[in-house]
């Protein structure tokens, strides 16, 4: 194979036009991709394009996918190192190609080393402006929004990076159908009040206000993950909160002892199998408080609590909390939307919603916003 | 055409085996069919079967459909008179045929003359026992449950009997998919608290406890429609309440003056377009009270409030009422389920859900009960 | 029910505007409906519409369906007699309603008494011009084109009128999707060379050139059924021939003896299970001859032999005949199209294609013509 | 990231159990993957698995995909070099994982350097026997069978490796649905008699009898590509030939001059737009001859000529040739099957069938074989 002698290496800060997907600090170079659905998009001429990366992880290797002209092209594991990946070769040099390089793996609270940095591109073409979409939607969630189970066989039960995605994800499907840009903010196993195992530290609201409160470690800290996120930098038209599934699970799980404090956490059930009212109200208070946080930072956004892809158990609790919030605050720009529960036919790996379940959920959300926005 | 000399006329009370669908008084002869989805079912041998009817109406002629071996066969308008309709001819005489003769038109509050009486059958065969289904479900609703718009072109806007059905009805689809018997209790334009036009007399709960509180007139009275319904005669495993759509509409409509009393009714909106809290609470109280009535008569039934086929506007109000009900009564055997809103693609006649919308709603309900009942 | 005093009875020959569907003699009054898919269509104002009929049959009672504004509304058995059927009541008088009254039952070679005559209408409105569709398609076939099995349960095996239709028929679905008028010419059990049981009298070509060569008897003769059909009266853009299924069956059936002549007919198989070449060539010659007849009367029509809804057995024989025809005549305006074979999932009554199979076939034909006609 | 100290490197000839997909010489090490759909499959325990490769190409870089437990996991470009790719990490070590590493790119007649060699694996587990499928099917075709256009946006028009696949390919979908092993033998632009551009050298039959007659160059020759393929090594139950699309195209294209000989090739059309009979017969003779070749090497295989995904133009010519073949040889174990033509809705990149079109074709083939084999 002959080397393309016309390739030029460009650091991101030498490139005028590119678009960053996902929460970030404007102008960072190299560019960290923190979340699933984070990525970089370019419009570029030329016959060939490479992306220059710096990657690390301890256990959970990040996966990425690429899309050429908005069509899925590749998906692969990234292992630690500094290297370049060829995104295309031998294309007609004059045509403008839209290329997206997108992270599949959620931000990993459990792997401080895990990161992807985009340093720049190599091409024989030049870069052109990218376009803004008509709408902006933020999706906040748990493993469902992390796309867990959207890849992998139904019998697969390991909890691994490769099973998560943004490429087969209801949130991304919804955004694409609505011609919307999107941010994802999600963590598998986490809830509004507590995680699936009753661990109250694993609540999304506590991490929401930092740039990427869901990852840590010295290196990630150096990227600013703990800094307050600048909510004015990207104002969503809508926020979709898909949380509650792990909070429901906590009622079924044994108590959890927080190692640092020895505090024992447990969402209790009554002898008749219903939820203990006191514990349910803890969950509801967390919903109320989170809605207030969301509203504080996103004054004009329509907030939709969208719930149900793994069971409807907390429907009445979530809506009770939403009603309390509405009555307390007078804020009526919130709605509850039920997403279709997964069935044995559309479950994916690890007992999580498979691609067909994500498609159903995306259809409900898409129809909802099309009606609301009269698209 | 040669006359079949072997046909015998049998009054219903001469027939040992037949099955009545829909609320009724046991053993009535002739048998009135009050509701859409009311009907009579027989297992019969012989080559030929006729049904003997007495029909009347003023404006709204009843429509019926027939199903042979659970497959839709015919649908037609019934005009006033005493006459017989041939259900099949020339079939293999020895095989057992399952034949259903079912009312398509809801009980008509607006037409006191409207009734269908089944007097008996003519056949050259004999009748055999019919079977009970595994489950029983009662569906309570408005025009959606009356199947309005399930027949007719999208541009049709008259409010007429022919557009309503039980044959293309989400309730019946759900019941069939679950192998369940069903009762329908519904009236177009009515709500829980008031009708679409703010008429507070048009609330379903006020009529629910009578046999068929939705029809009147001297003749219907003579059939016992105003007598208390014997709830012990048919104990549903589940009750699906699909109400709220007209209550939402009332907020958008002008005031209604009740002629008898001069009382002016109006569900108000606030200047910012939200619902007036005081009026919303009237609606919610009606939900709470109706749930108490339902529970009083159906101690063990799982109650599902299923809402959304024509918009999600009252989702939070309904769930607020349900939560209040649960907290007041400790009754946790109730659930809220969202049915998919109709889209321009699946609307039917008169801006009501078309057959495809009913199929979507039935799928959601069917999946819900399959999971709950582990079918 | 009050009588509508404004209804006027009009004989067909007093009505300026109406549209006849199916082969017919122009201007006949009363109007016979010979074929499934034959019917009468009106655009009419007024609140009410009745159709005046004269019906007879011996064994096979005709069935009809009605469509209001192109939407299926009713379906019922017609028994012998002179009577009127109400098509709608109480509609907004000023709007123009499109009403179709369509025959479901094929022309019945086996029932000489069977006929439907439309004598006129009763209405309080007036009639307006109907429109021509953009295309005209003739469909020629057997029980599949007669819609056998499109109604009825999968376990139903009687051969009866009620199971046939034009309302759930691939031919009509295709025509509607293409905005085309259609003629159907079909007879259950018949073939190109012989019927399913080897009866060589039951070949469609021998009857094709008469107005309705598929029905007989004194009364039908008086309607002109045996007169040559005037092919110039309705020039199809395309002819779809769906024949061969019964010809294939003949190879599997015992010999048939023609009663009048004692001639024994049998399409033979070789010991290895393949078709006897000599007999296959009889079939192929019949295909060739029929194509010549079709072309003689329809000089410009695109002829599509569409085959396969009940098995692909004669695909190569049909195409061999078509190739011979093309080579002999130089006529290249013919095509072979495979329709999807029915599967256990989409079979209807009497082991015939059910509605879902008809939908699949219609999709293939529709796509074919959309591409050809650049619709 | 810690290195897994337990990884062991094993050359293929040190591994007892693995399964080769696609034509090959038994026992080759390293193992060349010649065709799209060629690949290697292992059942393996352990937490981690790598594959050791040697790759080269000039212009057309090979792409591959992997499937874990029969579920698509990754897809990527392979660039020249000797390297290893991690297939999974950190899995539960004791469970048996089924891993497939499959070539996406067709064998490349136009790139002599192009090859993928599998040298071995690295794992901390051990290998277990793989299973044979119930059926074996060989698919022979052109760009459609090479999966061209199954990846990429509809507007993409470059002719590049990344757009081809076996992962979204009707042939593979069919085989999977039938629980069948498969061989693919295809080349974009080629036909039975000539290529899309009239180049008569580009006919599949001339290359079919060699191991991989579709690739050349010194290195590939050293792998045995020109050696006669051992047809006894893998006896297909069925052979699906999807050829004719490029032969039809040749009639529309300008003449082609073969550089070596100066011979001018051109499939001509008549002035009326029909195919020149003499040239059509050249095509038909090529079909006949190819059927003889196929039968010579595959005595018992059911041969299905499956055609139509990009137009039905040669349906009658192909069937004429098949009939001639049958009449000449008495071989009746051949069938013609029409695959659904692609529509604007389901076209993929480069005006080729997209994934939805491949799904439709696979459904037709699957239903065909299920009926034939009574699966």
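As written, the chains take the letters A, B, C and D, and residue 1 is the first residue of each chain.
The working rule: a contact is a pair of C-beta atoms (placed from the backbone, for glycine too) under 8 Å apart; a residue touches a chain by one contact, two chains touch by 3 or more.
Quick caveat, the model's predicted, so the values are computed rather than measured.
The chains touching subunit C as well as subunit D do not exist; no chain touches both.
The most distant chain from subunit B, with centres taken as the mean of CA atoms, is D.
For the pair subunit A and subunit D, the distance between C-alpha centroids works out to 37 Å.
Centroids built from CA atoms put subunit D at 57 Å from subunit B. Computed from the mean C-alpha positions, the centre of subunit A lies at a distance of 44 Å from the centre of subunit B. Among the residues of subunit C, none is in touch with two or more other chains. Contacts between chains close into a ring here, every chain touching precisely two others.
Considering their complex, residues 1-2, 56-59, 61, 63, 68-77, 79-80, 86, 88-92, 113, 151-153, 155-158, 160, 162, 349 of subunit B touch subunit C. Across the interface of their complex, subunit A is touched by residues 272, 274, 312, 315-316, 319-320, 322-323, 326, 332, 335-338, 340-341, 343, 364, 367-368, 370-371 of subunit B.
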